[in-house]
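Below is one structure, written out as structure tokens; the observations come after it.
Chain nomenclature is as follows: A, B, C and D, assigned in order of appearance, with residue numbering initiated at 1 for each chain independently.
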Amino acid sequence: MPEVLLADFQVKRLEVLNEKGEADPELLPELSDAQIWRLYELMLLARIFDERAVALQREGRIGTYPPIRGQEAAQVGSAFALTKQDWLFPSFREMGAHLTLGYPIPQLLQYWGGDERSQKVPVGLNIFPFCVAVGSQIPQAAGAALAARYRRDPVAIVTYFGDGATSKGDFHEAMNLAGVFNLPLVFICQNNQWAISIPLKGQTASASLAQKAVAYGFEGVQVDGNDVFAVYRATGQAVAKARSGAGPTFIECLTYRMADHTTADDAGRYRSGEEVAFWAARDPILRLERFLERRGLWSPQKREEAAAQAAALVDAGVAEMEALPPPAATELFDEILATLTPRQAGQRKVR
Amino acid sequence: MAQLNMVQAINQALAQEMARDDRVLLLGEDVGRDGGVFRVTEGLLERFGRERVLDTPLCESGIMGAAIGMAAYGLRPVPEIQFLGFTYSAFEQLFAHAARLRSRSRGRYSCPMVVRTPYGGGIKAPELHEESTEALFCQVPGLKVVVPSGPYVAKGLLLAALRDPDPVLFLEPTRLYRLLREEVPEEEYLVELGKARVARPGSSVTVVAWGSMLERVLKAAEGYDAEVLDLLTLNPFDSEAIIASVRKTGRLVIVHEAAKTCGLGAEIAATVAEEAILHLRAPILRVTAPDVPVPLAKLIDHYLPGVQQIRTAIDDVLQY
Amino acid sequence: MPEVLLADFQVKRLEVLNEKGEADPELLPELSDAQIWRLYELMLLARIFDERAVALQREGRIGTYPPIRGQEAAQVGSAFALTKQDWLFPSFREMGAHLTLGYPIPQLLQYWGGDERSQKVPVGLNIFPFCVAVGSQIPQAAGAALAARYRRDPVAIVTYFGDGATSKGDFHEAMNLAGVFNLPLVFICQNNQWAISIPLKGQTASASLAQKAVAYGFEGVQVDGNDVFAVYRATGQAVAKARSGAGPTFIECLTYRMADHTTADDAGRYRSGEEVAFWAARDPILRLERFLERRGLWSPQKREEAAAQAAALVDAGVAEMEALPPPAATELFDEILATLTPRQAGQRKVR
Amino acid sequence: MAQLNMVQAINQALAQEMARDDRVLLLGEDVGRDGGVFRVTEGLLERFGRERVLDTPLCESGIMGAAIGMAAYGLRPVPEIQFLGFTYSAFEQLFAHAARLRSRSRGRYSCPMVVRTPYGGGIKAPELHEESTEALFCQVPGLKVVVPSGPYVAKGLLLAALRDPDPVLFLEPTRLYRLLREEVPEEEYLVELGKARVARPGSSVTVVAWGSMLERVLKAAEGYDAEVLDLLTLNPFDSEAIIASVRKTGRLVIVHEAAKTCGLGAEIAATVAEEAILHLRAPILRVTAPDVPVPLAKLIDHYLPGVQQIRTAIDDVLQY
């Protein structure tokens, strides 16, 4: 009758590839060498795209841009586990996921260039528009998952968000809906340990984000987010579970935002160079290179070649983006409603 | 033809559209087993099952967000928010997402959904149960706002809203739910969105109203040669009909139960002051609630515009 | 390196008094017989107040009213652990807590009669107005706790809410703030297992509400909410902890809403008579009576006497409430702003 | 006297009031260590410590709710919402609680707080960073809404807001943050809330504007005998000053960067059409953004009203 134990919850962390590039053979996902090389190429592409985007912003050729440096394993590894039938509800800092799913580079750049027209996601990709209002995409993903379940579509709905987003009511309400309706939904939290200047411990007192799933009655797991295999494995399991109707999963990818919050930010104001250096040494691309090297698949020259290829893709994307004519003023009125209101139509006429 | 009250008319419209279109589904607090706190969705769970009528947890923002995702996926969700006063916490989803999904995706996705919610005062209920903040929503580009004034138009407007390709906020005047019965055809019919209805023709003053105020305006108009317009759609509102009437009458009174400042009456008055000022023979008067929070039951009748206040305003513009 | 255990969380349940009225001697709070009798009187008062309020509504003498029947132990037991210096942020269904703290009965009835003027909480009680927007009082309590901490006031801030409220973003944001700032805050969830027609399992997939605290890095505990000693003990510990600066606690009182959601509701539409009967047999007042009887403190006659006293108090309250003159129309403008705007002042003049 | 930009003027007002009154404290995302994303609160954490300048988790509704609790407890919190577009999720707390706490408690509690937020367009930032939905808030009884148009008034208005016994929404036009410098006295001074300022006297047309539009209106007014009113407080707005000016000029143009429908321009026009219609010699024109969502950077200049549009409206009413 006294204090009784009501429940016991264990929260786990998945690691596959260590700093030295050694993989746990039991946990290493079944991926061919070609697939692993593809992961590497995509991570490099993400890195090079990101560097170029930052440079373009500095040159005034695009607008404010949020770098993904350091999060390539978390983004590429997770998106690699998806198919084009799955639905993706991103925040604004998962360009690595977009690239992995084949999102056109010019269009990504066009978005950060502030061009409305870029927001039309190509048909064939079930990706939602970038979402700047932190966390607000998460309940929308829950709705898509309800719809998919209603339609009996064997797809997974995936939503990305950051550590900061977990503080918002939207995250909570969506997690709760996912639990109650046992939705085919995968929550991928890019815990890059910062929300602009707020460090993780200023964001939550919980020791991990993974344990937040306990509140909603479904599985949460932390993965080493700089370990592309761990991310891929956890996501693969979660999407398979979702597609099979076995319910939602929350995945915390513990990673690090190596660059500024955006090009308008100066992270030097609020965090130490040592911390950044600590994480730079844990660069997810380096780690995969060490693994590949152990397998005899990598050399500095191979990197050069892959990087050159990626750079060429990005170059072409930049050129294509910059060749676009500026939008006309009437574009303001495009796709506002299926049919403009009389007042809108009148306003359009005088533009 | 059956005599239905507004609850029955709305229920019938929902049932018919759900039967016709399997993309339509309902979600919200207590909409299923309980049939809604006003019984508007009564019987629909039994008829259409738990997958079409979803009882949700208590989370207005989550409900709205989920409806957006459903709509984008290809369904036509009908989220119910239990009272208009509880949409405030869903405002971000409604304003920044539902209304903008088409534009934010340049047409790749759209958001055909009908947000239903009881609206307005006069039912002697607790705080936040009698809000009439329609103007907040009329300000949102991309969102339509509709208010029926009786059972017949309720059914036709709701069917039109359910077939609209964009999001519609459907405000159901709670005071009217069971106040009046009208002949409501069993078969489907649409009342076009964006068009006002001449509730009573007249030639010496135009009175614009909607929702539960219409009934009071019609009472107040007795004995006057007043033209009463029932706005029905608040956004986009039928400025053409208003201006045509004002051209004829030269006088305009606007009646709404919301507080005065920045209410929809302001937009109507401003539109007329911009587009038809030469036709005006008197100031444009607004008969509204005062600029205070909606009070509890004991003061609600002092808050809502009454027949006498409307009459006074009509007299004022006529004698101007 | 493989799957590692990140953390382990145990969620406990506190029970002191069993159905038969036997108390665990180790856990029984240190309360004199007089105090225990006072608890009993307050629970009876709450019951009788509640019955009268429902009757008044049926007779059209007050408006819609939300009964507290069945929740007397959870409300009286928790409020009994507070002092008048503590701050209370209630929802709308804790009249038992109000009565325990000495809130005037006429004023409680006046509120449910729809009279604005009742909302002025008596000076000397740090109680916030009733809050109908479910959950929205919870972050406000977090703010008061921040303020109390800033002022170094050794007080506890307490907020009450239901199981339904735990689904709302406000609950989440406030719990998270409490964790991050280690606030002197006690969250008391009246889990009466229903939110209008939504049963607990339609509200959340988590097995208990207590485990939700895991997400925020602080202690959560379930107590038997029909056991006044367990509730008092848990609340007493939590408020002491808060006052001493040791941070927040979440308390789930597992109880049952024995009546309709409000007088406008018909619970027969959505739940079974058996369920209601099951819980009626677990009436918190009965249980305390059995305990008192074992101690030789209770008899049917003593109950009669206590009930008669409580009824007299309620009678007096009803009479006082009904003697109030109706509010004047100008009351609409009272206490809207420290100084009315010119427009408001003009509107007031014509009333 | 120092030449300060608006960021510096606001920072100075905050610092001075915090030094004077220990009830004043700041909370919000990145307001501490980072000094705010626009550096408006720079140096205040260092000067006043972590208990007075609180870096919060990312939760706008929670921030607003917490500020209410602080205010009720006797403090004077200054919550910052990082951009106006992110207040939408805090709407319930602001609308149903902050603005009503005094009335809901019949004066037992009050809510003296100043919600600061960057506001308006023209900075080429991502979505929801350039909203100008002031009219949503002007509709809330119990909430004051203030918009400075330059560094001098920014300091004086903010100090007045910080001493106001009720909640004030203080909208800081982002485009102006560093656009202009003005002489700003080091010592404290108050600019009274609720009063408009004649930014430029004139006699043939009244132009009302606020915030970042004022600068454009002043440019547009060059060469005209236009009286330009800088509204400064949007709720309650200074209808007396507007009507006095319109009595003189007989013509009114209202300029705001928000979309037209249900913008604050509507309320101003409606008020004049109600109270001063006989003095009008021309329609009341509104120069506003179109009724579409605020676009991204490449279209923002097409969205915001420009000098030429304002001139055209002035010409139109003058030639009417």
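The rule we apply is simple: contacts are C-beta pairs under 8 Å (C-beta built on N, C-alpha and C of every residue); 3 or more make two chains touch, one makes a residue touch a chain.
This structure is a prediction, so every number in the text was calculated from the model and none was measured.
Colleague: If subunit A were absent, into what connected groups would the remaining chains fall?
Modeller: In the absence of subunit A, as far as touching goes, the chains form one piece.
Colleague: If I rank C-D and B-C by number of C-beta contact pairs, which comes first?
Modeller: Looking at C-D and B-C side by side, C-D shows more C-beta contacts.
Colleague: Counting only Cα atoms for the centres, state how far subunit C is from subunit D in Å.
Modeller: The answer is 40 Å.
Colleague: Please compute the C-alpha centroid of subunit B, do the same for subunit D, then give the distance between them in whole Å.
Modeller: About 30 Å, centre to centre.
Colleague: Between subunit B and subunit C, tell me the centre distance in angstrom, where each centre is the average of that chain's C-alpha atoms.
Modeller: Result: the chain centres lie 36 Å from each other.
Colleague: Would you kindly tell me how far, in whole Å, the mean C-alpha position of subunit C lies from that of subunit A?
Modeller: Using C-alpha averages as centres, the distance is 43 Å.
Colleague: Which residues of subunit D are in contact with two or more other chains?
Modeller: In subunit D, the residues touching two or more other chains are 56-57, 59, 61-62, 85, 88-89, 92, 96, 103-104, 127-128, 141-142, 235, 261, 291-293.
Colleague: Residues of subunit C that touch two or more other chains: which are they?
Modeller: In subunit C, 116, 133, 136, 167-170, 173, 176, 180, 202-204, 336, 341, 343-344 touch at least two other chains.
Colleague: Treating touching as the only link between chains, describe the layout with one word: line, ring, star, complete or other.
Modeller: Graph shape, chains as nodes and touching pairs as edges: complete.
Colleague: State the interface residues of subunit B toward subunit A in the complex, per the touch definition above.
Modeller: 25, 27, 51, 54, 56-57, 59, 61-62, 64-75, 77, 89, 92-93, 96-97, 101-110, 141-142, 164-166, 194, 235-236, 239-240
Colleague: Using the touch definition up top, name the residues of subunit A that touch subunit D in the complex.
Modeller: Those in contact with subunit D are residues 63-64, 92, 113-116, 132-136, 164-165, 167-170, 195-198, 202-204, 264-265, 269-270, 326-327, 329, 331-333, 336, 341, 343-344, 347-348, 351.
Colleague: Which bits of subunit A are touching subunit B when the two form their complex?
Modeller: Per the stated touch rule, the residues are 87, 89, 116-117, 119-121, 123, 128-129, 133, 136, 138-148, 150-151, 157, 169-170, 173-174, 176-177, 180-181, 334-338, 341-344.
Colleague: Residues of subunit D touching subunit A in their complex?
Modeller: These residues of subunit D touch subunit A: 29-30, 32-35, 37, 55-62, 85-86, 88-89, 124-129, 260-261, 290-293, 295-300, 302-303.
Colleague: Over in the complex, which subunit C residues touch subunit A? Could you list them?
Modeller: Per the stated touch rule, the residues are 1-16, 18, 22, 24, 26-27, 167-173, 176, 179-180, 182, 201-208, 210-212, 214-218, 222.
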